[in-house]
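Pasting the structures here.
Both of the next two complexes hold subunit A, though its partner changes from subunit B to subunit C.
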Partner chain A sequence: MFPELNSILNSTPDSFKSSDFILVSDRRADASFLIHHYLSFYLRAGCKVCFLGLVQSFSHYSAVGQRLGVSLAQAREKGQLVFLEGLKESFGVLLQDTSQETQPLSYLRSPGAGLEGLFRFVESCVRQSGDGNAGESWGPPVLLIDDLSVLLSLGVSVGAILDFTLYCQATVCSELQGNMVILVRCEEEDADDDEEGSNLLQRGLVHQCNLALHVEGLPTGYCRDIHGQMEVWWRQRGETIYNQRKIFHFKVHDKGASFFARGTSSAVL
Partner chain B sequence: MAAPVRGMIGSTSIGNTTSFQKKTRSKLVSIPGTRPSVQNGQLLVSSGVSSLDYVIGGGLAVGTLLLVEEDHYDSYSRMLLKYFLAEGVVCGHELFLASARDHPDDIMQELPSPIVDDVAGMKISEGQSQPSDPENPDTMKIAWRYQNQPKVQTALASSVRFGHYYDVSKTMEPELRQAAKCHSFYQLQETPVVTASSPLPSPYHSLLKSIQTVIRKEGFDGSTPQSKVRNVLRLGLHSLGSVLWGDDVCCKDNPAHCHALTTFLYILRGLLRTSLSVAMVTVPSHLTQNRAVMGRIIRLSDTAIALESFKGSEKETNPLYKDYHGLLHVRQLPRLNCLSCEVPDTKDLAFKLKRKQFTIEHCSFWPGYHSNLHSSKEKMYQRLPFKMSRCESQV
Partner chain C sequence: MLLDVMQAGGGFILLEDSVQCSARGLLRCFIHAALKRGEDVHVLGFESPETQVCAGLDSSSVQRLHFHKGFPDPLGWTCRSSFTVERFTSQHITQLIKDTQHAQASVLVVDSLSMVLRHHDPVVFCQTLQELRKGGVIKTIIGLLHSDLHQQGIVGIVCHLADTVISVAPADNERLSVAKTTRRTKSGKVMQEEEYFSVSEDAALSVQAKPRQPGHVQRERDVSEADPTSNLTFNLRLSEDERKAKEKVALPFVFSQQKKSALLRPTPGSGRIVYEPDANDDVDEEDPDDDLDV
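Entry: the complex of A and B
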C-alpha cells in the first residue's frame, strides 16, 4: 500500500468507495506495482479478494506483499484470499484430452470458445462470502486481475474478453457492491492493428471503468530517478461525471513507490 | 603459552583450518555454478558472458526465460547460445538443446573452450614429477605442504565458480563436453504428432512435451525424492518462430498461427517457474512483420535483449562504431519477488567479438572515451587519445 497514492486517490483501507471499477493500464512500461498496491490495500481493508494471477507465480506476490506488510499465505489460509495461479496449471490443462467448458483455464485449450469457465470460477468465489469459517465475515468482494491482456496473446478475442469484464462488473460491482481492479498492458499505437489489438481492449475497458490509471514512460526519454508518469482519470461515478485528469511522476523503490507532481522529483530539486 | 589445542578438536583436518563453521541456512540451495542475487535473493546462474551478466542484473535467475532477438545473420545470437551452453557444461548443469536448422550435436561441437586456471595445474605437476620414493611413490618432495591435501581436480571437472572465461578461437574438448548430460530435440527428426484439439502446432507441442518429460524424469521440479544432488537444467531453444518450426509468424502479415509462439512462451514460462531450470530462447525478430507480436513476445519473457549487428548496414562504416560489431539493446528486465527492478545506468551498449572473446561494453559517444565493464583501470587509461605523462599511464 502506497500512502501517497492513497492521498492522491483520497481513499484509505477504512474508507473507500464501493462498486468501483478501476482500470490500470500501461504502454511500454510496467504498471504491476499498482496491482501490488491494490492487493495489500484490500487485504488490509478486510475484503474478500479473488485474485487471478495469470502471469506470475504466487511466491512473487507473496514476497512483495511481505515487504508491503501483508501476508498472502496467511490470508489464503484464512480464506480471505482466493488465488488462481495461471502459470502453474497451464501445461496440465493443455495436455488434457477432454476439455470441460466450466474449467477456469479452459481458454488455454480452446481460445475461441470464450471465458465462461473463468467467469464461473470468479462468480463462485465472490458469492461464497457468506458461508465458510464460523465468525469470519469479510467485507465486500474484490476482483483483481493481473493481467488481462495476456489472454489476447493466448488467442482469446477482444469481444470475448469485454463480455467477460461486463459479466464480472455486473456481478461484482453492481450486484454485490464490490470493487474490481484490472491490469491491461498495451503496445504502441499502431494504425493498422485496430482489430485485435490490446489498444482496442483498453479503449473498451476505459469506457466501462470509474477510475483509470495509465502508466507510461517519460515523454522526454529514459531517466534513472523518475521511472515514469502516471495519469489519473476520474471518470463517471454513479450519476455524476467527473472527467478530471491529472499527471504525476513516480519512482518505484524497494518498499513502495513515491508519487510527486511533475518537475518536483527529489533528484531535480 | 598454551597451544590452543582445544580449538583443533572440532576441526577434522590436520592443517590450519579453524573450527569455525559457517551456519548455512537450509533454505538456500547450494548448487554449483549458482549464487544468490544481491538485490532480491534470487538464485542466479551465469549466462556465460560476464559482461552480459553485469548488464542484466548479475545473472539469469533460475526459473526465468531469457529472450534474445537475433541479429540478421544469426551469428552473434548463436554465439551467445553457445556461451550459455558452455557455461552449463563447465558448471556441471544439465543441458537441453532444441533446434530446427542445425543438428544439436553440431552446435554442441562448436562450444568455446574454457580458459583453465593455470595455477592449479602447475602445482599438480610439481608434486608428481619427483623421482618416486621406493617406499612411497606418492610422497611429494618439493610441494610437501600439499601432501595431505586432497588431490586437486583439474579446474574443469566441476567448477563452483560463478562465471567463466572462454576462448572462442578453440572448441571445447570432447571429453569435457561428453561429461555433461545433454538432451537434444531436433525438429526435423521428430515425427509429427496429430494434435487435433491443441491450439499449438505440432512442433511446439512436441517440444513442450519433451521438455516436460525431461523435467519430470530428472526431477527438476522436485517430484522425485532428493536422492541425488540438486542441479539446474539449462534449456537452449534456437530460432523459435522461424519457418522450420512450422510457424508462419515470421513470413506472413496475418499468420494463421499468430498465437502459437506466444502460447508456447506462456506455457514454457509456467514450466520454468515450477522447476529449477533456465531457458534461453532466440527469435528471429527481424523477420516478423507485425511489431505488436514482438511486443507481446517480449512481455511474455522475463529478460529480453536484442542484438543488432552492423554487418551489411550503413553503420558499419560509421566512425563512431568502428571498434564494435553491433549494438545491444536491453528491452526488458524482470521484477522478481520485488517491486523495483535493476535500473541500468545507461542504455548505450555495444558488443564486439575479439579474436578470443565476446564482450559487451558501454558505448559512449564522447570522443576517445571507452569503458570496459569488467576491465582493469589500465585499459581505461590506454584508450584516452591525448598524451598522458608516463607515470599516469603506468597506473
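Entry: the complex of A and C
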C-alpha cells in the first residue's frame, strides 16, 4: 500500500469509495506495482478479495505482499483471499479430454466461445457468504485481475472480454457495491488502430470505468530518479461525469513507491 | 440547433462520443425532453443501470418511461434480463412497443448501439434500424454510439442512416463540451453547427454559442487601432499632388496601343551592321573557313 497514492486518490483502507471500477493500464512500462498496491490495500481494509492472477504465480505476489506488510498465504487460509492461479490451472484444462463450458479457464480450449465460464467462477466467488474460519464477515467484495490483455493473445476476442468486464461490473460494482481493479497492457499506437487489439480493449474499458490510471515512461526518455509518469483520470461517479485528468511522476522503491507532482522529484529540488 | 433537435425530436438521432467525452449526460437530457413532451419513451439499457440513465424524473414522467432491463444481464447469462441484445430485431422491438397500452408517439432510446453492433452483423443491424424507422410505430430513435470502439467504415454507415448526428468532444474549458450537430432534412439540405454545452445534475441542458472569455475580445481591439505610419522620423504619407502623379506613372512593361505600334515601326538609321575586315582576316568569299589554321 502506498500512502502517497492514497492521498492522491483520496482513499484509505478505512474509507474508500465503493462501486468503483478502476482501470490500470500501461504502455511500454510496467504498472503491476499498482496491482500489488491495491491487493495490500483491500486486504488491509478487510474486504473479500477475488484475485485472477493470470500471469504470475502465487509465490510472486506473496513475496511482494510481504514487503508491503500483508501475508497472502494467511489471507488465503482464512478465506479472505480467493486466488485463481492461471498458470498452474491451465495445465489441468489442456490435459483433460473433456471440458465443460462452465470451467473457469474453458477459454483455453475454445476461445471463441467467450468468457462465460470465467464469469461464473467470479460470481460464485464473490457471492459466497463471507464467513471466515473464526466466523468473521468480510467487507464488500473486490475483484482484481492481472492482467486482462493476455487473454487477447490466447485467442479471445475484444468483444468477449468487454462483455465479461461488463458482467463483472454489473455483479461486483452495481449489485454488491464492491470494487473492481483490472490491469491491461497496451502496445504501441500504430496506424492500423481500427484492428482488434489491446488499444481497442483499453478504449472499451475506459468507457466502462470510473477511474483510469495510465502508466507510461517519461516522454523525454530514461531517468534514474523518476521511473515514469502516471496519469490519473477521474471519469464518472454515478450520474455525474467528471472528466478530470492529472499527471504525476513516480519512483518505485524496494518497499513501496513514491508519487510526486511533475518537477518536484527529490533529485531536482 | 442542439436545443431545436432536442425539443422537436423525430427521425433517427445519433449521439456519437469517445473516451475523451461521454454523451450519456446528453442522452439523459433527450430522454427528459421527450418525457416532457408527453411521449412514451422505451429505453433499451444494455450498458448502464436504470439509475444512471433515468434519474431525477417526476412521477408523471416515470409512468411514460419503460426501461427494458438489459443491464445487468444483456446477454442472458444469468437469465435475469427482460430484453437481451439478441432480441434487437424489428419484430421484437415493434412487439415490445405495441404491448404498451395507450402508446402515442413512441421514442426508442438505445444505450448503447455499440453493444448491439458487437453482437449483430452490421448489415443486419442497418436493416433493422431502417425497418424501425419506416415502420410507423416509432416516431424517434435515439442511439448512443462510441465511435472509437468500431472501425471507421461502420461508424460511417450508422452516421449515414441517421437524420441528425451529434458528436461530442471536450472543450478547453473543463465545465463545457463541444457538440457538433449535423442535420439532414428530407429535401437533402445539410445544416451543421458547433455549440458549447453543459449538462447539470438534473439533466438540464444549457447551450452557449461561444464560451465567455472577456480577455480575448479586448486584445482584438488593440491590434486594429495601431497605425504604422505614425511616430516615424521620415515621412511615409502622400499629399494629394503626389498621389495623382503616382497614379499617372506608366509602368515599364504595361504596353498601351501607342507604345506597341511605336516599337513595331522600323525607324531609319537603326539596326545596321557595319563590318571592316582586319589585316589578319583573310576573307575568302568561296570558303569562309579558309583562314582557319587547322
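Following the convention adopted for this analysis, the second predicted complex is superposed on the first by the 263 of 269 C-alpha atoms of A that agree within 3 Å, B and C clash if a C-alpha of one lies under 4 Å from a C-alpha of the other, contacts with A are read in each partner's own complex, and residues count from 1 in each chain.
Please note the rule applied: a contact is a pair of C-beta atoms (placed from the backbone, for glycine too) under 8 Å apart; a residue touches a chain by one contact, two chains touch by 3 or more.
Here the structure is a predicted model, which is why all the values come from computation and not from measurement.
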| subunit C versus subunit B on the shared subunit A, clash or fit after superposition | fit
| query | Regarding the shared-chain residue A:S110, is it in contact with subunit B (first), subunit C (second), both, or neither? | reply | first
| message | Quick one: is A:F33 in contact with subunit B, with subunit C, with both, or with neither? Answer first, second, both or neither. | response | first
| request: Measure off the angle at the C-alpha centre of subunit A toward the C-alpha centres of subunit B and subunit C in the combined model, and quote it in steps of 10°. | output: 110
| task | Please indicate which partner A:R237 is in contact with in the superposed arrangement: first for subunit B, second for subunit C, both, or neither. | result | neither
| Between subunit B (first) and subunit C (second), which, if any, makes contact with A:K246: first, second, both or neither? | neither
| request: Applying the touch criterion given at the start, work out whether A:R262 contacts subunit B, subunit C, both or neither, answering first, second, both or neither. | output: neither
| message | Under the stated touch criterion, which partner chain does A:H207 make contact with: subunit B (first), subunit C (second), both, or neither? | response | second
| task | Considering only touches as defined above, state whether A:D163 meets subunit B (first), subunit C (second), both or neither. | result | second
| message | Just to confirm the value: shortest Cα separation between subunit B and subunit C in the superposed three-chain model, in whole Å. | response | 17
| request: Report, in rising order, the residues of subunit A that make contact with subunit B in one complex and with subunit C in the other. | output: none
| task | Flag every residue of subunit A that touches subunit B in the complex, lowest number first. | result | 30, 32-33, 36, 57, 59-60, 63-64, 67, 86-91, 94-95, 97, 99, 108-111, 150, 152-155, 185, 187-188, 190, 193, 197-198, 222, 224, 227, 252-257
| Residue numbers on subunit A that touch subunit C, as the complex places them | 116, 119-120, 123, 159, 162-163, 166-167, 170-171, 174-175, 194, 200, 203-204, 206-208, 235-236, 238-241, 243-244
| query | Touching subunit A in the complex: which residues of subunit C? | reply | 19, 21-22, 24-25, 28, 47, 49, 51-52, 55-56, 71-75, 77-78, 118-119, 146, 148-149, 151-152, 170, 174, 199, 201
| query | Which residues of subunit B touch subunit A in their complex? | reply | 40, 197-200, 208-209, 212, 259, 262-263, 266-267, 269-271, 273-274, 290-292, 295-296, 299-300, 335-341, 343, 345, 347
